[in-house]
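As written, the chain order gives the labels A, B, C and D, with residue 1 at the start of each chain.
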Amino acid sequence: MKKGLKIATIGGGSSYTPEIIEGFINKKLSGELPIEELYLVDIEEGREKLEIVGNLAKRMVEKAGANINIHLTLDRREALKNADFVTTQFRVGLMEARIRDEKIPLRYDLIGQETTGAGGFAKAQRTIPVILDICRDMEELCPDAWLINFTNPSGIVTEAVLKHTNIKTIGLCNVPIGMVSMVSEMFGVSADRIYIEFGGLNHLVWGRKIYKDGEDVTKEVMEMLKDDKLFTMRNIPNLQWNKELIDALGVLPCPYHRYFYLTEDMLKECKESAAKDGTRGEVVRKLEEDLFELYKDPNLNIKPPQLAKRGGAHYSEAAVNLINSIYNDKKDIQYVNTRNNGTILDLPEDVAIECNCIIDKSGAHPINIGHMETSIRGLLQVVKAYEELTVEAAVNGDYHAALKALTIHPLVKDANVAKRVLDDIIKENIDYLPQYRK
Amino acid sequence: MKKGLKIATIGGGSSYTPEIIEGFINKKLSGELPIEELYLVDIEEGREKLEIVGNLAKRMVEKAGANINIHLTLDRREALKNADFVTTQFRVGLMEARIRDEKIPLRYDLIGQETTGAGGFAKAQRTIPVILDICRDMEELCPDAWLINFTNPSGIVTEAVLKHTNIKTIGLCNVPIGMVSMVSEMFGVSADRIYIEFGGLNHLVWGRKIYKDGEDVTKEVMEMLKDDKLFTMRNIPNLQWNKELIDALGVLPCPYHRYFYLTEDMLKECKESAAKDGTRGEVVRKLEEDLFELYKDPNLNIKPPQLAKRGGAHYSEAAVNLINSIYNDKKDIQYVNTRNNGTILDLPEDVAIECNCIIDKSGAHPINIGHMETSIRGLLQVVKAYEELTVEAAVNGDYHAALKALTIHPLVKDANVAKRVLDDIIKENIDYLPQYRK
Amino acid sequence: MKKGLKIATIGGGSSYTPEIIEGFINKKLSGELPIEELYLVDIEEGREKLEIVGNLAKRMVEKAGANINIHLTLDRREALKNADFVTTQFRVGLMEARIRDEKIPLRYDLIGQETTGAGGFAKAQRTIPVILDICRDMEELCPDAWLINFTNPSGIVTEAVLKHTNIKTIGLCNVPIGMVSMVSEMFGVSADRIYIEFGGLNHLVWGRKIYKDGEDVTKEVMEMLKDDKLFTMRNIPNLQWNKELIDALGVLPCPYHRYFYLTEDMLKECKESAAKDGTRGEVVRKLEEDLFELYKDPNLNIKPPQLAKRGGAHYSEAAVNLINSIYNDKKDIQYVNTRNNGTILDLPEDVAIECNCIIDKSGAHPINIGHMETSIRGLLQVVKAYEELTVEAAVNGDYHAALKALTIHPLVKDANVAKRVLDDIIKENIDYLPQYRK
Amino acid sequence: MKKGLKIATIGGGSSYTPEIIEGFINKKLSGELPIEELYLVDIEEGREKLEIVGNLAKRMVEKAGANINIHLTLDRREALKNADFVTTQFRVGLMEARIRDEKIPLRYDLIGQETTGAGGFAKAQRTIPVILDICRDMEELCPDAWLINFTNPSGIVTEAVLKHTNIKTIGLCNVPIGMVSMVSEMFGVSADRIYIEFGGLNHLVWGRKIYKDGEDVTKEVMEMLKDDKLFTMRNIPNLQWNKELIDALGVLPCPYHRYFYLTEDMLKECKESAAKDGTRGEVVRKLEEDLFELYKDPNLNIKPPQLAKRGGAHYSEAAVNLINSIYNDKKDIQYVNTRNNGTILDLPEDVAIECNCIIDKSGAHPINIGHMETSIRGLLQVVKAYEELTVEAAVNGDYHAALKALTIHPLVKDANVAKRVLDDIIKENIDYLPQYRK
């Protein structure tokens, strides 16, 4: 007999919470996940949002008749105690920090984006001390629980947990599942008929082969991509790909690859839209305010459709499916971030990669990749070296590692620029960077 | 008894020739290298320079009493027949092509340099078909001869020979030997008291450990480097290093690393000096004209001291020492370009690397390196992937490989820029690019 | 709409054929595999057996109402033309050759077994020329067909096909599926509740982790193994494991590991049973004669239960499931032999390994393994080196490779013994070894 | 100015000591090594031999006028304090233990040899705790000293030091230098005209290429080897190689390879000679007694020529040359045991290998090897796995690791035999195996 599950969601006051609640409700009602206790945890600064979204969550559960006990708490340890699954969706420093991450690089004519480049570096520096702190608590309070991380930069955060804790973890991102969805739209078929062999890093993942009903349709997808069929995500400017590059690659880039393959135009777009509408963070801040206004409505008891605009489509789907496959030993294939262990031969064994994995009760088992094509390998390796240094910097407050990380990042020009942007990042985030206050 | 040696020097009309002649004379006189025949080979366009420098060479030999038969010829096959050593110092497309290599990238706000970045790519595309053609002749006419290549980009050209011919080859560069010289000047000691463990690629080599009289002085060198002690080469702007990066690296960058670590300032400098004095190629063209005027002087019978300004110091020293150690089975350590074969574990086995090697009659034997520090590894891997694609493009006239090569090069911004610069390169060099005329 | 499938079974006159026929019938009736044409192919020497078993097959199909056209033919090319799947179950040299494989090693006090040791080597030398010949035909007549090989030594034969042909292939063995079955019997549960993470080589595969209903029960299985619970196969003497070794390994050896871990006792048993009842081949020859007597009965129209004694349980199940998962793009996990490609980091990339794979329309996709435990790695590496040399010897008739293969094989004592047994093998099999008749 | 050196020789009471004393004297007199203090250290049980050989050493120094202060002591810590070099030549358990190592395996029809097989395993178990203990003292008393180990099994002992201490170490063996000597005798030339590229493990090293005056003479050596030219060592029975194997290998095996390539005959020889003359240890015990009688002679003040019979020729030469090259930063090539670090790509990075190294003040720098030929790789890998497990067993007293080590060793038949021999080894050596007394 399956015992009731306890789930703790760190960053429970997030505007995304209704989505994951919806997912949990569905799996409870279908009998797949016997969720009994769901703890939404936040910190003092997020108390108000936690209460708003938490009360919506309660109304959703009640409306659905799902019989899940929802707890709203600022006491993380209470939430973690004996938890079966811990999901993380927190944002250290709130939206203000994201906006800084976007703006500081722009000062130096660099792309300002919250997960890649200097902005992602800053976010990693703030996030990693907190996730390691959570893991220390987990090691004590729920050592067998799974940590399902989708806090960005998800791959880097996952790598920090893999390298520096004993907690079982899987990192999640909505990009691969989003790419499947986009391809399915290209063909006008349902997503379950599309299968993609992914390989790479979080936000730097390539679709190495694409199948429709088991037939290889990679070339057709490449042609459609050149024909500017829709292939993007809400939060990434939909610039047209370089057609010759698409031919040359022969594999499907992810939407974030635009930052690397179309750097100049993306920077231009970043600057223009920041000037015109504010950075993406500023736009989202406004969207979130509107969402929380909606959430306050005591008559709202379902996930409001407006949430779809927020940009995090598929996150909840990915997280709930992952928990479901672990719990029910499904052995299905999901696209997650896990330890490389030789899956991609061009990268160190102990780093996090994003790839197709078999998911079962013992975790994520990557499907072999081997070597990647030369140009992909080159980009992959330099970005992974950046990520490794970023983890090292974040864990130890190592300024030298940080400087080297940014110096080699393809979106940061050189060491002098890296130093300027790094110094600004540390100075303006110092409240969230205990490791640099030594 | 040692039989007399036959040496063929391709590109014999180079302004550098007096330097290598001086080296050959010295080794002949010392009894180490029994050189009997020296063929200086050039092409029709270089006939005049060949005659000028060739006659100087003859006067130098006579003056020294070295008893070497110098032949000036446009018939490469005659020169190669039964040669023992072949040295290459040719420049496909002459100085005009170099100047184009420097100017085309500048149009797109990219560093224009003849060996790294888009300029080096162009030079590789022109050079590789010619070197492979030479190797085809060698396979027929002198299959056991050694090819000592110092035609730039030396590492890439060496890799093309290693991967696509059966000829025994070693690639040479004056950068490592120059770095030893600079360090010896820092300490005010003779160069033979300095030893550096190098590792990396041609023009992207790091001094991993530095020894004075066998004692590790790496840290002291790093401190002096930060104190802006002289550390540069004649042909590279001597911009000040980023001090924190030097601390963070802990190893000695080569002068060319400025292009990667100080990109913004180097680009600025490139643009300014091009505007003011012309590109480096234009400066050198003038220097060369002056040199050839000197060379014409029938009374000149030694290497003129003015040659030192030309920028290729140590090349001749490196080449002659290499030939000497091969011929005499010296088993000394030299810094050359050869097949990786696992020496640097972070790179494929079949690529060319630059490292410390034992040199003996059977060739260059790399001294083990293992893994390199994370930030170095990342840069190394992406530049090597660029180099591999550059070789592939040059050998096959593969536009896709070319586009991918430039797209991932750290000094080229993105795919759109890469395409523009690539299209200009092909168009303006088409006379020298038979592989792209298919 | 699914088109009708054409399947060719090479070695169709095998006594196992009724089993695979049963499997095909079931999948046809269930609607999963629309098999229309089934060609049973054999050679002149096997004509009589082909007719006997082929007619039984026809009666089975008719009785079941499966509507599959069964063709009996000696014309392999007719059978291969446009085939969708080709299965191989032939035995070069018939049972007489197997008996020689078992007896020659015994002369030198070596284990005589048809798949491992010197016997397996001999079988590989006979089989590889034939399988490559089949593949040449396939490249011409059905280049897109899948070759499902279960001719032993299955891993070595698969490696020969992977390295020397363009045919898509997967190698099969009943050992892993048999181990799952044995473990399920240990626990008294159905086999679908047991999952094992396999890794290794054909007939040298370890169960690295064992799960019951998703829970890790590896330790319990190890304890039961020490308690001498049944864990063997019909064709391998069921000697008691060394209990301390089982503790030390911590992973599940396969039944064939007895030859390596209990060599002395296995050799003794081999010799005793050969003296008493004849070798396994001699026993099987008698069993087969009885089976063919049964098969002749015109009233028999199902797979006779006596076939179960023959020792090849699960082969048909494995083959039919594999074809089914390929055809229907199932993405389920099966245990097969395929290209390593880095799955086991301790082995070369281009060799065949046996491991858990996702099976879909594009083939077998190994699930990552990484490094194996030191003692396992050591044994794995030396046996794989033997296998690589065995393939090289078989493909090229390379006596030196053959001698080296046997010299390093853990079941052959040394080079002198290896030479003696090798010379006997070549001499007594020379009719089947065209590659050694050069 | 070079300061005077302090050297500590652990196991100073060894019969070999006069050889190393001779070497030290020569280097002192030549001005290369300014040795001031030489401590000969032994344990209480060795006090008498220490005094005998120590007094001979003093007479030798005096006679030579070398001005080295020789100290005889049982106080290891006094000897280690501020030492510059520590050499180890001790034998835990004295000659009695060696004789046991040779006899226990013979009981089970296994080769009984003191460095390879079960005997070498036993020796490693006794030696490793002592060497680690010495290293602990060194970390405290002379952390910058070099440990020059030639205690057998030298490769395994070196690996234990590399993996488990912070002491700089190099392992030595006389086999490679002996092979050079044998080849030079084959050609009738002086040893300095022969150069061999070695690769492998201690006592399992292959001469991959052999040069005379820089010319590759590998094939000629192989032919001579087949013609039974002398190629052996005093302590290894000189059985004739298998000629076809020599052809097949194409590289030079070391004398110890006879145990692996000619196992059956070597076992026979072991048994016969043990029965006739006693084991090698018993023979040596007698030789040593005779030597010590000689050493007592107060008129003896040079190394007596009878020492040459003892079997350890070249050890002293190797050790003194190594110290000399380190101290004088020679950068010459020597054959030593050091960390693999990717030199042989087929082995883990952290293990000890035996290969050609550049020796300088910073230690041993391996010359790149890459992959080894398949049959060599296979044997190398399984023996290295045995060695890794042997280190693990010795360091932790891990019975399971020990059992696995012996089970996969090519000279031990299987797990049952391994267990028997292991249990005897532990029981009969228990006084010297503190790690197994837990």
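Rule of thumb we're sticking to: a contact is a pair of C-beta atoms (placed from the backbone, for glycine too) under 8 Å apart; a residue touches a chain by one contact, two chains touch by 3 or more.
No experiment lies behind these values; they were computed from the predicted model shown.
In this assembly, A is the chain whose CA centroid lies farthest from the centroid of subunit D. Put simply, the C-alpha centre of subunit B and that of subunit C have 56 angstrom between them.
Mean C-alpha position of subunit B lies 45 Å from that of subunit D.
Interfaces, counted as pairs of touching chains, are A-B, A-C, B-D, C-D. Of all residues in subunit C, only 242, 244-245, 247-249, 260-265, 346, 374-375, 377-379, 381-386, 388-389, 392, 399-401, 403-405, 407-408, 410, 413-419 touch subunit D in the complex they form. Subunit D contributes residues 195, 197, 209, 211, 213-216, 329, 331-333, 341-343, 345, 349, 358, 360-362, 365-371 to its touches with subunit B in the complex.
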